[in-house]
Amino acid sequence: MSPVAPIVAVRASGVDMFFGTPENQVVALKQADFEARRGELIMLVGPSGCGKTTLLSVIAGTLTPQAGTVEVFGQRLDGLGQEELTAFRRKHLGFVFQSFNLIPTLTVVENVMVPLLIQGLANDEAHARAKAMLDQVGLKGREDDRPDGLSGGQQQRVAIARALVHEPPLLICDEPTSALDKDTGAHIMQLVRDLSRSPERCVVVVTHDHRIFRFSDRIAEMEDGRISRVFDDPKLLDASHL
Amino acid sequence: MYRLALNMLFGDRAKLAMLLCGLAFSALLMAQQSSVFFGIMSWTYTPMVNIRAQIWVSDSMVEQVNDAKPLRDTDLGRVRSVDGVAWAAPLHTSFVQARMQDGNFKLITLVGIDADTFAGAPAVLTQGRIEDLRLPDTVIVDEWGAALMGRMGVGPDGQPRNQPLTVGDTFEINDIQARIVGICKVRRAFTGGPFVYTTYDRAKGYTLGARRTLSFMLVEPQKGVTPIELCDRIERATGLKAWTSDTVIWSWGERSLARNTFWWFWTNTGIPFSFGTAVLLGLFVGIAISGQTFYSFVLENLKYFAALKAMGAGMGIIARMLFIQAFSAGLIGFGLGVGMAQAIGRVMIEKGMPPFVMYPQILWATFVLVLGISFVSAVIGIIKVSRVDAAAVFRG
Amino acid sequence: MFKKRLLLFALALAGAAAAFQLTRGTAEEAVIMPPPYEPATRDKDGLIAAAGLIEAAAENTLLGSPTSGTVAKVHVKVWDKVKAGDPILSLDERDLRAQQAVQQAAVSAAEATAERAEDAARRWTGIKDSGAVSAAELLAYQMAAKEARAKLALAKAQLDQTAVLLDRLVLRSPIDATVLQVGVRVGEFVAAGAKAPVVLGDISRLQIRCDVDEQLATRMREGLPAKGFLKGESTLAGGKDRSIALKFVRIEPFVIPKTSLTGASIERVDTRVLQVIYQFERPAGRTLFVGQQMDVYIDASQNAPGK
């Protein structure tokens, strides 16, 4: 932990999260503390079942923890109702999913328009912005294609465009490269880094793909439902895992 | 967003086709079966359509038009004596056996109309003149009956003639000759027999042995007297039953003989039950197919809806999207379904068989039911989506 | 793809529109057309309607025959005007003629017998005093002459009777009248007492016998004005008033069972009716026949309650 008080983007402290009945309980998070800063790209790593995805869901406001506090850009999430959480996500969050989750019956540009339209933007404006965003991810000319006509890498680019088109301060990526080969994964991570680089934006990436550790500013390692170690220099972890 | 909802719906052609098929089929089944049902039921009051008059007067115990209880000849005088009556004409209706030239028998609806004025005469004659009915032993036969009885007739060479009866052909009613002087175009009746028109007096001769032959009286109110008003007066003055002749079966008017006939058949026969079953079947098939297809459409898109939820789309937006999708499919399905139904109906009307009466109410009911199916489908989908956790998107 | 969607919507819209267009056909049957011929229309309240039958004013005479016999000659035909006493029918008289001849001969024989008997009586009476004949013999002659005269009278009476019988074989009109119906031909048999098939009537003035339903009888009063409409006449004149003014004659005091006026083969007894007689002048330029039916409207508005 840094002694200097940085501009905190995300802070979770003492988070407990368990699933199932009291007799048959699965503990996902146990007194987990996590912190992410503005302007950085932080990776959450760890073995399967360590609680990475659960922590991500808690930060994203899609899961409400049983105990502990979650604060995102100064907003306490643990006291909010479903409606407020939804509104919060709409405004502050962008998502990149492992399986892209692009709607197959919509065109590329329509998929990218979705977050803008949810925010209530007019169709034309949303279309223009989505198109501009697709230019940035290098998919100019493919706007009216269906996602299933694109390669995996291209689909993930669309997903990134969708995640960033409404310029959310917090970008959440869940295993963004696990469905991609090494080179494509690297390209995607480079793109995420390039596009999301902003002093205000915080990017949280859950991954167990060590080949992309080098794109992070910091790495938080999880073990048994809590953050065990935080590496300020990703190269250290890189080396230790090699 | 709503446009995207439509794009989502129309994007999956196989699912859309299935969904529309289900909705269109149920709309078709409901509209078509109901129309045939109302067509057949409209045949029950065919005499009211074929014999037009403002008011029908009958015995007080008469419940429907096919069940005439004979009146006395002097009742005509009593009705004519009621204030507000412009004129009243006698009418005879009965079912009698007609004997064809080849010896075959056929049940006919014998209609005796006033020879003086021909009140109640068929509106359309395709052959012959109504005045010829004043000649001895003459009748006018409806087109369909002429064709039907023509099949029974024997030609001049002794061979079956196999072509419709025409002016000049004869058959027998109760051993009395009936010579055809005209062919008319009237609606077919539920009771099946062709309409054979003759004069009231001759009808008495044709129905030998019947003590009373006055089945109904056709009455025209004077100017300024409404039919309902006159019906009341006639009933008060004579103790007979007076009916209006409107065929609006949807009205609450107790005075309409057509309506009473319709509902009499409704409550006393199994026809509504059998057709109601078909209509319900259409509804259930529609709900099953459409609901199922829409549900599987929702299931298939569930993870995208979950992603939408994660991205901050509230249930309000998602519900509206689903409603738009369901109602769009419903509207198109309705249009296609009733479009097919009316196409079938036009063919049926052209052939005259089976009867087909498409009331606007049938279409509105179909519309409401199809949209109801859509609504139920959408609600099921919404419940499903609302139960899915937004966090699910992160689990692969 | 967008175009296809529009096509689908358009197709659905067209289907629905066509269906709704088809529903308009259901309203067609509501049209009511007037009868091909305008019926006699009443235009007034308080009327009593009745069915009337035209008959001759003096009521029709159904000529009867006093004897049975075969028709030998029909002297009249329908429409003939006859005076009282004019022959109508002659029955076969050959048997009576034969009888007459026999009786004529009998009269001649009786005459001869009577003459002879009288002559004998006269002669013997002339020589009574000569003593050639006794008083008793004379009386016998005189009695024989008396008997012969009586026999002659009998024979003559029989001859006269035959003449009367012969005369009765000719049916004569009892009144000045018009022959309305002749239903018998030469050679046909007519039974005594049966209604002869010759109908006579005075048709210079016609009257109409109206059957008023017994349920309407209470509204009937003496002297009510009435109008009649001839059956079938609506076919002849269109538009103008075709009614015939009727003048009250009398109400028949006895309510009788109504017999159907239609002339069907079976007589139908419907109900009991009050019969009211009205008279009318034969309208100019119109042909009226005895036995024709008429729709009669009796104007009872004057004594209708509350009017």
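A few comments on the model shown:
Note that the chains are named A, B and C in the order they appear, and that numbering of residues resets to 1 at the start of each chain.
Just so we're on the same page, contacts are C-beta pairs under 8 Å (C-beta built on N, C-alpha and C of every residue); 3 or more make two chains touch, one makes a residue touch a chain.
Worth saying up front: this structure is predicted, and the values here are computed from it rather than measured.
Compared with chain C, the chain whose C-alpha mean position is the greatest distance off is A. Counting C-beta pairs in contact, the chain pair with the highest total is B-C.
Averaging Cα coordinates per chain places chain B and chain C 54 Å apart. Chain A and chain C have CA centres that are 119 Å apart. With each centre defined as the average position of its C-alpha atoms, the distance from chain A to chain B rounds to 65 Å. Residues of chain B in contact with at least two other chains: 10. Residue ranges of chain B in contact with chain C, taken from their complex: 6, 10, 20, 31, 49, 52-54, 72-81, 83-89, 114-121, 123, 130-131, 187, 201, 204-205, 208-209, 211-213, 220, 222, 238, 245-248, 331-343, 345-346, 349, 357-360, 362-363. Residues 53, 56-57, 60, 62-63, 83, 86-91, 93, 95, 97-99, 101, 103-107, 110, 113-115, 117-119, 123, 146, 174 of chain A are the ones that touch chain B when the two sit in their complex. Partner chain B is touched in their complex by these residues of chain C: 1, 4-5, 8-9, 11-16, 18-23, 25-26, 29-33, 35-43, 45-51, 211-213, 215-216, 219, 231-232, 234-235, 258, 260, 262, 264-266, 268, 270-271, 273, 295, 297. Chain contact summary for the complex, chain B toward chain A: residues 1, 3-4, 7-12, 301, 303-304, 307-314, 317, 389-391, 393-396.
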